[in-house]
Structures are given as C-alpha cells and as structure tokens.
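There are two complexes below, and they share chain A, which is joined by chain B in the first and by chain C in the second.
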Partner chain A sequence: MESILSLQNVHKKLGKKLAVNGVSLDVYPGEIYGFLGPNGAGKTTTIRMITGLTKITSGDIRIADASITSDYKSAIQHVGTIVENPELYPYLTAEKNLLHFARMSKNVTKEDIDSRLKLVRLDHVRNQKVRKFSLGMKQRLGIAQALIHRPKVLILDEPTNGLDPAGVREMRDYLRKVAKEEGVAIFISSHLLAEIELICDRFAIIQEGKLVQVERVSDEDRPEEMNRYQLEVSDLAKAHKLAVREFPKLVIHEKENWLHIKAAKEQVGQLIMFLTSQGVMVYQSVREKQTLEDRFLQATERGVS
Partner chain B sequence: MFLKLVQNEWMKLFNRTSTYVMLGLLAAGVLTTAIFTYYQQQDQQLPSQEQWQAELQSENETLAQQEAETNNYYIESDAINQQAINNYRLEHNLSPYETENVWTYMDSNTGLIQFIGMLVIIVAASIVAQEFKQGTIKLLLVRSASRTQVLAAKFAVTLLFGLFLLVSLFAMSFAVRAIVFGFDGSTIHITASNGEVIEWSRIIYLGVTYLAGSVTMLMLAAFAFMISTVFRNDSIAIAISVMLLFAGTMATNILALLTDWAKFSLFANTNLEQYFRGGPMVEGMTLGFSVVVLVVYLVVFLVLAFGFFNKRDVSI
Partner chain C sequence: MVIQLLRNEMFSQKAYNYVLAFSSFIPFTGFFTSGVPIRHILLIIVLSSWVPLIAPYYERDALLNSLPVTRKKIVTAKYLAPLMWSIPATVIVFIYVFLFVTYAPFPARLITGWDLLLALAGLYLLISFFYPLLISLGYIAATTLTAITGGAIMIGVQMVINIYHNPSMTSLDSTVENIIANPNAFILLFAGITLIITLLSYALSVKLYERKDF
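Coming up: the complex of A and B.
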C-alpha cells in the first residue's frame, strides 16, 4: 500500500539548534499513528512543517505523493488539522465557523456542514457563539472543522490537552470511527502515553528531534517477541533451580513468591511442560503487559541519563 | 476562491461588536455636529452687504502686505489665492456668509473623514494581527488558499470597509442635515489656485473633498496594514498610524519651511485637494508628481506586507 503521508529525512533548524533532526516515517490510509515525545522533543515543530506553517530546512514531506514544499496546494488539500489548541473565531457561531472554513475548500456543501455538526453532537448549539463553548465543545468543533473538506490525512497536535476522561474517551471513539469508516489516516502527537496506546496502530517516539523508535502497539503479541512472564508454582526454589539448569540462556529470578522470566511465548510453554514433568505444579502463568510507558521510558532513557 | 475569502473577511468583520461600536460613534458624531450647529445658528446675524465688503477689503490690504514681506513660498501663495477669492466675491457680489444649510453642514462634517481614517486604521491594523493573537491564522493558512490570496482578501476588505464608512457618513449627514436645515443656500463654492479663481458646483466640490480625504485614509490604511503584518501586533500599528494621521500634515508643514525635500514626504502629497485650493505645499509640485509619489509609497507598503507575510514561519 502507498503511504499517504511520508516524511523523508526532515530537518528543522531553529536558531542554532536542530529542533527536528532527520525524521523519516510513513503513515498509511486508515491508520492511526502516534507521535510520542517529552516536552520540547520537536513534535509541534514537525507538525508545523507537515502543515506548511514553517519551512523545512532540509528533507521533504509528501502528502498523497505531492511535496509540501514544491506542490503546496495539491498537498495541503488532503490535510485537516488542529495545531495545539482548537483555535476558532470566538465571536462567530459554531455554524459560521464551519461555513468560514467550508468556503476555503472546493465542493463543501451545506449538508456537509450539517452532518459534521451532528457527528460531533453540536447541532443543538449551532447558533451559539463559540465564546460560550466549553473546551470539550471547542475540541469537537475543531475536529469538525478539520474534517469539513473530507481530508485524507488528519493531523492532530495533543488533541486531548485539557479534556476530562469522558472527553478523552469520546474523542478517541470519534477518531477511531473516522479512521475506520472514512479511511482517514490520523497522525496524532501526544506526551500522554496511555491515550495513544488505546487508539494507535503504530507509534514513533521522538526525542531531542530524533526518532528513537518506531513500533506496532501490538508488537508484543508476535510469537518471537521476548516478554516478561510470571509463574506461580508449588515449589519456588526447586522450580528456579530446574529452570536455570534447563534454560541457561533465559533471564530468570525469584521475586515476591513468583518466578519471573523473560522469554518468548514458545519457550514459556516448554518451561511449563518441563516443570510439571519434574513434579512442580504450575498454578498460573501471567504475561506482564509492558505498557507504552515502559517502552517510552526504555527508549528515551538513553537520551536522558 | 478570492471572492469567498473576501466574503469570509466581511462576515468576520460584521460579526464583531467593535464594528458596531464604530458605526455608532460615527452616527453620534453626525448627530452632535447637527445639534451643535443648529443651536449656534439660532442667534446668528448675517452681516450686511457693506459690512462684509468692508471686511474683505481690509483683509485684502493685510494680505497684500503679507505677500510683499514674506519670503516663504507657502505663505505667499496662500495670500495671493485668498486675495483672488476676495476680489472675485466683491466683483460678483457673493457674500462669504450664509445661513446654515445642508451644504455648509456637510462641509463641517468633513472633519469626520479624519475620524473615519482612524477607524479604518484600527481595522487595517487588527485584521491580520488578530488572527495571530487568536491563533486562527494557522487554520487560515493550512487550506488551499495561498498566503498572497489570504492577505489580499484582508486588504480588500479593509478598503471596502473604508468605502462603506465614507458612503455611510455622506448618506447620514445628508439626511440629517436636509431634515434639520433644508437645502437653501448658495450652490457654488469658490477656491483659488495659483491666483486663478475656480468656481465649483457645491455637490461636486463635496465629492472631491470626500475623495481627497480618502486618499489619506487609503495611504494610512496601507501603512497600518503593513506594520501590523510585519510586527504581527496591532497596538504598535494603531499607535504609529493614528499619530501620523493627526500630526503628519503638521510635521510636513514644518519640514516644508526648512527644505524642499519635504515634497517627497507622504503627507505633502496625500492632500490632493491642495491643487484646487490654495496651491501645493512646496513650489513646483504638480498633481502628476503627487500621484506618482503616492503610488510609490503604496507599492512599498504592500511589497513589505506581502513579502513578510509570505516568507516568515508561523510559530504560535
């Protein structure tokens, strides 16, 4: 499949410092792509380049195969975005805000405005000025604004900033729906790991302008992937000794009455069979779910030190 | 696309409270001058024919003396022109005094053109800077419209708004005055340039005054627009431009006393009326010269505004 958004060795110099340093990544249609990084890592700067707000120092960004630098108009027409806060005109009503942005794109009809207002559940306040909206309502209107011209790529910078848990959940459901039903690729930056984990298919971690890691959120389900397991056994000391002798390559230790091992799925199965054959009962085996947070810290601690 | 952008800007302008405050102030200004002049003229006695003729003759003597003594071009030409007008009045028995009527009142309202100039400066300064302040500039620029189109639409709406205010002022003062004072009165207006007397139809003269006033407005609007686009700050743009609006002409007058270079100053050229009334500020200036100078200034302002707007990164 052709990627819809492609960053190719992108650099951005701000002052003397490289705020973005050689970032390359590809996002595919219908995919939700997380862009993680601590404060000041260069997320917003990257997003400003993708949307053409700032110029690229070197490298290229292509959207639907059009370069944002040399073919701005055909590239940008496929993009919908909220950069940082949902900035809308406070003195215009919800409907007029959408009308304003609808006029800036081709082929957006009155019906599109109506249906978007309904989708983000704002049709009951369509004639109210945005000044009176809560942050959650503004965020929803921001999303409606970003999707009004049916873009192929939706770019969101920290879209859940300041939302309460219910608001975050709602946003998540809505984004997932858009990605699935309309095939929109969503590129979403955040430093809130828990959120990204719940909606992203893939994610990249950026630190000090450099990509440190790109992964699938569900990588740990692959059979060859090494994960942490905990076993509850009838005789901990005996089990430990047997395991170390039989599987010398694995990292095995005791902790709080559990046997901890780091192994692939297959190896854990073999270990359990071996232990039971040696008369050790295995009550349960639990895979420690490594959170995105663990991976995030793992990936970034090299840089922090 | 461009027309839709203009439509958008107009919609935004007319959904803001400040725009209606401006229109309200303008209406209040028109009413205030109407009431003021109405009470002033109630106990007004027009001088008799002998009185005003004697007055003009003695004025002429003072002017003739001034003309002989001064070596300042501006004062001299003013004295010559005023004498020409006075002689013309004496010959044709046209009193310089008249009861208040729709025309004299509309004359006095031309002061409100300067007020309109201020309002247009405020709009010109805020129409770009506000988008940066609110952060909406980001949403405006990440659409298929080019930056040039976005900025051009904003400048067009600023000028349209100025035109709208001028037409409103003209219509409002005409209506108020026709009701309060009636149409009686002289239908001609007399001016002089280079000692030549020009007799105007009153309505045409008013039209020219409004048009000439709007040249200053156009130039300062372009200036405020440029400053606010370059600095992305409306307060600076408003402060500098309004100061120039009120003090620019005076400063240029002072400069004109010192050097001929004053003729290249913006304000020596904005008042195109000078070529029909009183003659130019500096010797040797012509209407064509002024038009060229104005066009050069306008181009410089716009090139700066568009250049900065197109080139610079948006990082808010």
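Coming up: the complex of A and C.
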C-alpha cells in the first residue's frame, strides 16, 4: 500500500537551533499514527510543517503524492487539521462555523455539513453560538470542521487536551470510526501515552528533533529483539549458568526467582528445550508486556544515541 | 479562491463591527454636514477601511493558512477587501449626501468621481501602510502605528491649511494655492503615487507573508 503522508528527511531550523532533524516517516490510509515526544521535542513544529503553517528548511513532505513545497495546493487540499485548539469563531453558530469553512473548500455540500454535525453529535445544537459550547463540544466541532472537505489525512495536535474522560472516549470513538469507515489516515501528536496506546496502530517517538523510534502499538508485531521473557524454572542458579554459557549473545539475568531473557521467540524455544535436556524443569514461560510508557521512557532515555 | 476569501471576510465579522463602522458618522458628520466634500471623502475612507482594519483581530490564522490556497492569494484578498468594502461605504455616504443636497437649506454638492478617486487613494495609502506592519509586527502594533500615523497626517494637513497664508512661507502658500487651483491634477498625482506605494506594499506583504511561520 502506498503511503498517504510521507515525511522525507525533514529539517526545520528555528534561529540557530535545529528543531526538527531529519525526520522521515510514512502514514498509510486508514491508519492512526501517534506522534509522541517530550515537551519541546519538535512535535508541534513537525505538525505545523505538515499543515503548511511553517516552512520546511530542507527535505520534503508529500501528501497524496503531492509535495507540500512544490505543489502546495494539491497537497494541502487532502489535509484536515486541528493544531492545538480548534480555530472557531465563538460568535458564530456551529453550523455557520462549518459553513464558513465550507465556503473556502471545494465541493462541500449542505449534506456534508449535516453529516459531520451528526457524526460529532452536535446536530441538535447547530444553531447555538460556539461561545456557549463546552471545551469538549468545541473539540468535536473542530473535528467536524477538519473533516468537512473529506480529507485523506487528518492531523491533530493534542486533540484530547482539556477533555474529561468521557470526552476523551468520545473523541477516540469518532477518530476510529473515521479511520475505519472512510479510510482517513490520522496523525495524532500527544504526550498522553495511554491515549495513544488505546487509539493508534503505530507510533513514532521524537526527541530533540530526531525520530528515535517507530513501532506498532500492538505488542505482537514488535521487532523480535525487543521481546522480553520470564521463565520459571526448578533451579534458577543452574538455569542461569547454563543459559549464559549456551546463549552468550542473549541478555539473561535472574530477578525475583525468575530467569529474565531478552530474545526472539525461536531463541526462547531453543533455550527451553536446552534447559529441559539439561535436567532443569521449566514450569512456565511468560512474555513481558511492556506498556507504551515503558517503551516511551526507554526510547527517550536511550535518546538519539 | 480570492472571491471565497473575500466572502469569508464579509460573513465572519461580528455584527457589532458594522454598527461600530456606522457610528463613525458621528465624529465625521455629527449626523449633519457642512457640505464640505473632504468630510464625505474621509467618511468613505473610514467606512471602507473599518472592517479590513478590524478583521485581522478575529482572523483564524492557522485555519486560513491550512486551506488549499497560496499565501499570495491570501494577501491579494487582503488588498482587495478594502475595494470591496468601498462599494457599500460609497453607496451609504452617497445616499447621506444626496439627502442633504436635496433637503438641506444650504448649498452642498454630490460626491463626484474625483472625490471617489481621492477617497480610494487615501484608503489604499492607509492599507498599504497597515498590512506590511500587520504581517511583520502583529495586530496591536500595526493598528497603533497606523492610527498614530493617520492622526499625524490629518493634523499635518490641518496645520498646513492653518498656516499656508503665512508671508514667511511663500513656497508653501504657492503649493497650496496650486492645489486649490488644480484639485483634479493633485488628485491624479496623489492617486498615481498611491498606486505605486500600494504595489510596493503588496509585493512586500507577499514576501513577508510567504516567509511567515504560524
């Protein structure tokens, strides 16, 4: 499948500082892609470059195969966005806000406005002024606005900021629905790791302007060398000694009556067979599940080295 | 797309901006007129420039600049907006003056084409000063500097009117007399200079806006 959003060695200099340093990534249709990083890592700058708000110093961003630098209009017409807060006119009604945005987009019909208001469940307050809306309602209207011209890519910068748990859950549901039913690729920046874990298919971690990690959120498809296993054995000391001798390249240590191993699935199988053949009984083997938080901290502590 | 941007400016205003614009009748006419054309010209300038000067305060930059429209077109729309607003402004002032010409018990005259040209030139001189400042310094600085400069120009003109008969300033006297004797030539010259300034200002604004990071 061809990527719908592609960042190719993107750099951004802000004064003397390199805010974004050679970021490359691809996002595919229907995929929800998380963009993580500590504060000041370059998330918002990257998002501003994707949405055309900030010029790229070097590299390229391609959206639906159009370059944002050389074919700006073609590229940006496929993008819907909320950068930080939804850009709404508080003194206009919800419907007029959408109408106003629709006027500046191509081929948006009245039906599109109605369907987006329904999607975000604001059709019953369509004639209410936005200043009377709660933060969650504003965010929902922002989503409707970003989707009104049926973009292929939706870019969201901290979309759940300030939302209560119910609002966060609602937002998650809309985004999943849009990605699944309409094939919209969604690129979300956030520092709320639990949120990214719940909604995203893949995520990238940026630190000091550099991409330090790109992974699938689902543990199953993670690179094999990243998997950690725990073995419960009959004789821990003996098992440890044998394992280190037979598999010198693996990271193996004892901890709280368990043998901890960082290895590929096949290697774990071989190790179990070996231990059993040496008279060590293996009672159980458990693959450690790392939370996104663990992985984020690992990546950011490891840094760009 | 420029047309859509102009429509956007028209429909995204707060209603009370129009009321405030209309209230400029009070200082310029006191809802009465002495029949002096310059007041009507100034009124057209103020009415036409009101929304373009206020609108950037409410503008949603991130929204506007993430639309499928080039930044050059956004700037073009900004420079065309005063022209769009000058149409209703002229109609309103024309009706107002017409009522006075028809019913007032003192001599007055209708707005002429020369008056309109002078008003447009004044309007674009103001706008040419405002937009590059807005793009480079932001709204507060741009409006403050424009208001100060506009006020200074008006005070300066009034000072010239007050002192041009001064015998020790014969060159000023003859310049003013020349303008009074050939107002249309002065208006043409003024419009020509304004056109050049506007084009330079537009080019500068496009350059600044294209480089700007939001």
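Just so we're on the same page, the second predicted complex is superposed on the first by the 232 of 305 C-alpha atoms of A that agree within 3 Å, B and C clash if a C-alpha of one lies under 4 Å from a C-alpha of the other, contacts with A are read in each partner's own complex, and residues count from 1 in each chain.
Please note the rule applied: a residue touches a chain if its C-beta (ideal position, glycine included) is under 8 Å from a C-beta of that chain, and two chains touch if they have at least 3 such contacts.
Since we're looking at a predicted model, the values are computed, not measured.
Participant: Will chain C clash with chain B on chain A after the two structures are superposed, or do they fit?
Facilitator: clash
Participant: If we overlay the two complexes on their shared chain A, which of chain B and chain C does A:A64 touch? Say first, second, both or neither.
Facilitator: Neither: A:A64 stays clear of chain B and chain C.
Participant: If we overlay the two complexes on their shared chain A, which of chain B and chain C does A:L36 touch? Say first, second, both or neither.
Facilitator: neither
Participant: By the touch definition at the top of the document, which applies to A:V20: first (chain B), second (chain C), both, or neither?
Facilitator: Neither partner.
Participant: If you stack the two complexes on chain A, which partner ends up touching A:Y91: first (chain B), second (chain C), both, or neither?
Facilitator: After superposing on A, A:Y91 lies in contact with both chain B and chain C.
Participant: Can you give me the overlap between the chain B contact set and the chain C contact set on chain A?
Facilitator: 48, 51-55, 72-73, 76-77, 79, 81, 83-84, 87-89, 91-92, 96, 100-101, 103-106
Participant: Touching chain B in the complex: which residues of chain A?
Facilitator: Those in contact with chain B are residues 48, 51-55, 72-73, 76-77, 79, 81, 83-85, 87-92, 96, 99-101, 103-106, 145, 149.
Participant: Touching chain C in the complex: which residues of chain A?
Facilitator: Answer in residue numbers: 48, 51-55, 72-74, 76-77, 79, 81, 83-84, 87-89, 91-92, 96, 100-101, 103-106.
Participant: Per the contact definition, I'd like the list of chain B residues that touch chain A in the complex.
Facilitator: Against chain A, chain B makes touches at 1, 4-5, 7-8, 11-12, 15-17, 134-136, 138-146, 313-315.
Participant: For the complex, give me every residue of chain C touching chain A.
Facilitator: The touching residues are 1, 4-5, 7-8, 11-12, 14-15, 58, 60-63, 65-70, 211, 213-214.
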